[in-house]
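Heads up, the thing below is written out as structure tokens.
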Amino acid sequence: MFSHIKDLQFEAKPDGPDAAFARRLQEVLGGKWGEMTVATQYLFQGWSCRLPGKYKDLLLDVGTEEVGHVEMICTMIARLLDSAPLSVQEAAAEDNPMLAAIYAGSNPAHFIHAGSGPLPADSNGVPWNGAFITASGNLLADFHLNVTAEAQGRLQVARLFNMTDDPGVKKMLRFLLARDTMHQNMWLAAIEQLKEDGLEEMPVPEAFPDAEQENAFAYQYIDFSEGQEAAEGRWASGPSPDGKGEFSYQAQPTAHAGEPVLPAGDPRLYGTPPPAGSSGAGKKKK
Amino acid sequence: MFSHIKDLQFEAKPDGPDAAFARRLQEVLGGKWGEMTVATQYLFQGWSCRLPGKYKDLLLDVGTEEVGHVEMICTMIARLLDSAPLSVQEAAAEDNPMLAAIYAGSNPAHFIHAGSGPLPADSNGVPWNGAFITASGNLLADFHLNVTAEAQGRLQVARLFNMTDDPGVKKMLRFLLARDTMHQNMWLAAIEQLKEDGLEEMPVPEAFPDAEQENAFAYQYIDFSEGQEAAEGRWASGPSPDGKGEFSYQAQPTAHAGEPVLPAGDPRLYGTPPPAGSSGAGKKKK
Amino acid sequence: MFSHIKDLQFEAKPDGPDAAFARRLQEVLGGKWGEMTVATQYLFQGWSCRLPGKYKDLLLDVGTEEVGHVEMICTMIARLLDSAPLSVQEAAAEDNPMLAAIYAGSNPAHFIHAGSGPLPADSNGVPWNGAFITASGNLLADFHLNVTAEAQGRLQVARLFNMTDDPGVKKMLRFLLARDTMHQNMWLAAIEQLKEDGLEEMPVPEAFPDAEQENAFAYQYIDFSEGQEAAEGRWASGPSPDGKGEFSYQAQPTAHAGEPVLPAGDPRLYGTPPPAGSSGAGKKKK
Amino acid sequence: MFSHIKDLQFEAKPDGPDAAFARRLQEVLGGKWGEMTVATQYLFQGWSCRLPGKYKDLLLDVGTEEVGHVEMICTMIARLLDSAPLSVQEAAAEDNPMLAAIYAGSNPAHFIHAGSGPLPADSNGVPWNGAFITASGNLLADFHLNVTAEAQGRLQVARLFNMTDDPGVKKMLRFLLARDTMHQNMWLAAIEQLKEDGLEEMPVPEAFPDAEQENAFAYQYIDFSEGQEAAEGRWASGPSPDGKGEFSYQAQPTAHAGEPVLPAGDPRLYGTPPPAGSSGAGKKKK
Amino acid sequence: MFSHIKDLQFEAKPDGPDAAFARRLQEVLGGKWGEMTVATQYLFQGWSCRLPGKYKDLLLDVGTEEVGHVEMICTMIARLLDSAPLSVQEAAAEDNPMLAAIYAGSNPAHFIHAGSGPLPADSNGVPWNGAFITASGNLLADFHLNVTAEAQGRLQVARLFNMTDDPGVKKMLRFLLARDTMHQNMWLAAIEQLKEDGLEEMPVPEAFPDAEQENAFAYQYIDFSEGQEAAEGRWASGPSPDGKGEFSYQAQPTAHAGEPVLPAGDPRLYGTPPPAGSSGAGKKKK
Amino acid sequence: MFSHIKDLQFEAKPDGPDAAFARRLQEVLGGKWGEMTVATQYLFQGWSCRLPGKYKDLLLDVGTEEVGHVEMICTMIARLLDSAPLSVQEAAAEDNPMLAAIYAGSNPAHFIHAGSGPLPADSNGVPWNGAFITASGNLLADFHLNVTAEAQGRLQVARLFNMTDDPGVKKMLRFLLARDTMHQNMWLAAIEQLKEDGLEEMPVPEAFPDAEQENAFAYQYIDFSEGQEAAEGRWASGPSPDGKGEFSYQAQPTAHAGEPVLPAGDPRLYGTPPPAGSSGAGKKKK
């Protein structure tokens, strides 16, 4: 069960409006790697977690914090949208190229649909969707995704930091960058912890019996593209990171099965079937 | 530029049809973590890669291999779809509960839309989409995503392995499990390599200046959910995995900003504004 | 800022598993009118609200409660998914038609993707998306949507109540039905309150000047479909609910503008233009 | 069955082109609350209506009118798209900031995909989709949605009215504003009529037996967010609008169920299970 | 402007209910090639048509007919959904395998969301969307798409014909098959007419100047896949169907450009750049 | 199985950057009719093809070529994105209207998400999705779609040719135009070949028995829109293109079935049912 206080975790106040930047900031609100994604992802992982104790607690703690980040960015966007030019005439009225760029570079739905408020959508106005998140039930697989989410998220915030001069915006981004630093470290530490606790190892899922996979292909690098620079990498020779194998390198791909020939389909589905005889001239219909 | 041979990388032939399993197998073809995702993701990462040499080569090699995996699974699905019951009458005609389960558990579009062929969609028939992939331009962020993709992918293949008795299907899954083992290891090795080459470190992006983030929050675990089991984890004390900080633990969240109050919006957008006076009885319209 | 306790607002425990019902229950979790929708919608409306005080408080109160309902349904779904048959063989093994129906009627992604956990998706596995919610900035427009959301939501829960015999599931649904009763009443009361406070009236937006619309069409019922039963309704005569007009009835539609003829387009876009002369034989290309 | 005449219901002719406004106008064509939504929604509600007579007639009448509004807006957009600059060079050629704003603020797909024609998409080019509409079979639930759709729609048209100076565009918008006024009133009247006819009451669905819901929670306002301004509202005390209860106010949320603990999942799905013993050190794999 | 009569163009009445077939029939209502697609596509093409006269008339005629087909299929689906089992218990109650198959093979949203009515969605419940249609402004390109739409549509209806024994359903499908026969012929005839009228020729767009394309590649078949069976086809030698060239056959693809090397990106975007020196050991950060 | 060489099929190098054009070029990469669509469509058609020999070879040849076109356009977009202004301040800093137009007309996700790389999305940033492609199993239906895809694709490339002055971009577009010319011709030739080989005829599917359709409607043009210009076309009289019928013209539509009346629904779904008696005053609830 959740509760809410009206104060924000950190300040979310621009020094001035900029509707074009508001559109861009939507990427870290409702884009694939935005705060809606991490909030929802960690909560679903927590609610699905069949392992009570510190891991479940961790997921619910951080998921709850992220809902507060959604709140901060929503607040910031609402404030950035003030005083925007509404029409092309208005945008061009003063001899101010910035005004025209803001008009043309903004998201029309911010005004028409949301009346100067945030949208659960990315920087192009494409709605957030549930396929952005994964809660697989396997914590090691999911913690790797969580590292990724924080890495991609911090990368995007860092890029946004270079897309504005506004001190108030930058102040909030500095806070988000720091939390993303913490969260990247936290999920990396959680991966270590899972291994220390003996719960899971690479490759995921550890519990799948080794004997059941085609082990001849389990540590072999196969080169499908001309040029052999890839052979120089850590991944083409030496011990594998999972500690269970030795990388080998194959310079050319080998096909292990012949050309597939499909049988004629069910005639009631009216696909084009192989012709009756050996020529290509058969008739399917009498 | 690409070329193709008709042989398959590995055999993709079931011992018998099972349209309900064909629907399930779609998850690793056109689902979020399926072969279409990894094929497209590695190729886009390769095409965007601004660093010539072994990394770019690696991405294009493996992306090309994955297109061949798409081909194998498509072939398997086409074969699994043979001989399916087409109507509820047919499904119930013989006293065979398996037939009824296959009819009802299959994807109707496999027959109506694709005429017994595969679809670029997941196990519920939801189409694959471009938001499933990321090519961010930052190799460390992307290699972490690639580890995740292979971990989630192998997890799903391992689950599918337990959802069928068909020896031919299991044979192909054994191969895919082995390649996913290789690819998890490979991306982990590539992460090591990036660090060895001095190109990137955690947290991503390393190049963002430390001094520009709010460092007070960069290594602090904040507990937003009742219960303090999370304090026992590696993420709440000790050195951080990036080697740059020391984790601390805060048992209660602190708000660092007051309640946000938004100004009245542009009246031309007809939002409900704060009332004119102090009561709640203002009129927006004269 | 949000915080969380581990206890649930209300019990969410089935007496037994039923993966086919779990699929159905997803509709009120991640469907258009599910708990993810109301939670997100009320919070976004609250964060965008430019009117401090009781309305903003109301939106954030109830939005926060709804996040806890998301949590309850997620928990229920995870429990309903236990012990499901994984393959068609397993489904048909015992002579138990219920098992076959559960296998075939369940959502494969619950197992392959989520490992027996909930998904942010509807009863067909289509992901929740941000277009499901609206926060327009105009409270009267949004409160009408909120009444609708609670009405559609309660309707769906009532239908689900008739789709299971499980006492534990029914217990949770009884609670949700009661909260939906409260919330329908609450948004209706909020509509009354907005009017009492003099903030908004019908038609929305009240502040748009009456003189600016084509008033001849503002209270006229026009009959576009054969049959005049519609003339018997409250909407075809008598005073209009907004208290500003009198309904009239027009038995046949009238066209107020001639057939539109579009000019030839820009030839650089290669649309098929009107032929050069009056015959139909013009050539666009020399 | 439908028929068509070439004349338009009302004039749809701008005084001049403006491709940036054409992009914005798409919101009320193919956005969530646009004319495609209301046309399709009313027709599906009509076709599903199991109650012959005035209600079914009403739905089919108005749905048919709305298809004609789709036609008008399509025509307007095609005309607004004429004479647009096609390249950045063209946009910047004359010293005309309006031209640059039009180029940059327009939707590229209007030209590349549609050759200067309308698209079934919103103001950001996101395609209209079927999840925008609901036809639930319960008329009271749906009529509330219809009021909402007309309120949100009129709000958006009123905002667009302030986003252009073009007299021809404003003329058409004046007509749409008037029809939205009519339609808001009409659905409100239809709600009254349903109640007068004794067919449905609040809360929806009335037919669900009161005794089957947890009545203790059916009229209770629960405050989940700090600050008690919400207690001042109509929704926290006094009789409920459905006439069946009395609102009460609870200042703090209460949890009615303990922390949920999920059982270990099916090992064949390879989730991370609770460790074997009481420490955190169990091994899932032998 | 449109008007409606209550009678249907053709009968749409099943002899009995079958909710599993109702789910399948959705494919030709709200799937990619269903009636919603052709109705909307022809109307948008008509409204965008800048060529007054018989072509515009044709598009609006047929688009209007198709709205009536949407109505027929909606009616049929509503009737097929009657008497469906609502729960797994109900499905298994009688010893009737058909009932279990119908329960498990049906679309849950038909009942939970639509209360036994049709949905604007495909046979998997994925919503119809605007990207299914194209109105390009070029009639020849669009008429080819229209032939396709009718061919794919008739193919799907023919398959559905083999998925039911119900005489009433088959009667309606027989009508739709006939109209699809007419419409395939009609668009083929319209292609002939366009050419006769001298308005457009292949390749589309004819008006693009021949001299502006790389003509060396305009009639050359290039073989990218092992095996040369393709060389036997009409497309590898002889005159081209547009009457403007002669096909040639190239047995191996040739690359006409070297390996692309991208410059280092803007450092403010934090992509992984080429290392400073020639080794792989550069540091991006000081 | 696929392999890759590093060289490109044709040069993909602009003379200078233009991020606004890069956004537009996305349409032919990840839009409905872009290279991702044709590549995936032909490969899926090939993998599903149950007819070994020249047709399957053709599909796999050309699908493989198209993957190389995806590569070329990705490369071009990455290069066009260099040196773009990142903020509105930067865009307005120099007195350069082109810079402002580029900033405002570009896709923010190109920088924030992709770090100056291509996206699998259209010109509005809407992700590519699997519903864009069809592989129906019926080659004639699919070859007609393939003609369409190449016609729409060439039309879009021709439009883009007029949206830039950059010689390097135009050079690549000239190549794509030529290949689209080839591919339009090739699919037209493949249609001829299918007929010559006696495999399929119009209408699709030929194998559906003529006697099973309502032949009275199979060659009849019905006029649903006022105005009879359509009667002048090839489609309203004379022999039908399939050589099996004679077109007729009906000036007014006829309804062949009465008004549909649906029975009351299952009361457990709480739809609004017909009232109990003949008045409109029935009560559903006791």
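Order of writing sets the labels: A, B, C, D, E and F. Residues in every chain begin at 1.
In this section, contacts are C-beta pairs under 8 Å (C-beta built on N, C-alpha and C of every residue); 3 or more make two chains touch, one makes a residue touch a chain.
Since the model is a prediction, treat every value here as computed from it, not as a measurement.
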Shortest walk length in steps over touching chains, subunit B through to subunit C: 1
Chain copies touching (subunit A, subunit C) - same or different residues, decided at half shared: same
Angular offset of subunit A relative to subunit F [C-alpha, multiple of 5 degrees]: 120
Recurring contact interface, reference B-C, options D-F, A-C or C-F [over half identical by residue number]: D-F
Distance between the centres, which are taken as Cα means, of subunit F and subunit E, whole angstrom: 8
Centre-to-centre distance between subunit D and subunit A (centres being mean Cα positions), rounded to whole Å: 27
Of all residues in subunit D, the ones touching two or more other chains: 1-9, 32-33, 48, 50, 53-55, 60-61, 64-65, 68, 75, 78, 86, 97, 100-101, 103-105, 111, 113, 115-116, 121, 124-127, 129, 131, 134, 136-138, 140, 155, 158-159, 162, 205, 208, 224-225, 227, 253, 255, 259, 262-263, 265, 268-271
Contacting residues of subunit F [partner subunit E, same complex]: 5-13, 32-33, 53-58, 60-62, 64-65, 68, 75, 78-79, 82-84, 86, 111, 115-116, 126, 129, 131-132, 134, 136, 138, 140-141, 144-145, 147-148, 150-152, 154-155, 158, 161, 174-175, 177-182, 184-190, 192-193, 196, 202-205, 208, 212-225, 227-235, 240-242, 245, 247, 253-260, 262-263, 265-266, 268-271
Touching residues (chain side subunit A, partner subunit F) in the complex: 18, 20-21, 23-24, 27-28, 31-33, 96-98, 100-105, 122-126, 155-156, 159-160, 162-165, 224-227, 253, 255, 261-265, 267, 269-275, 280-285
Subunit C residues within the subunit F interface of the complex: 155, 158-159, 162, 227, 259, 268-270
Residue ranges of subunit E in contact with subunit C within the complex: 1-6, 48-55, 86-89, 91-92, 95, 97, 100-101, 103-105, 107-109, 111-113, 115, 121, 124-127, 136-140, 194, 197-200, 205-209
Subunit C - residues contacting subunit A, complex: 1-9, 30, 36, 40, 43-44, 47-48, 50, 60-61, 64-65, 67-68, 70-71, 74-75, 78, 113-121, 127-131, 133-138
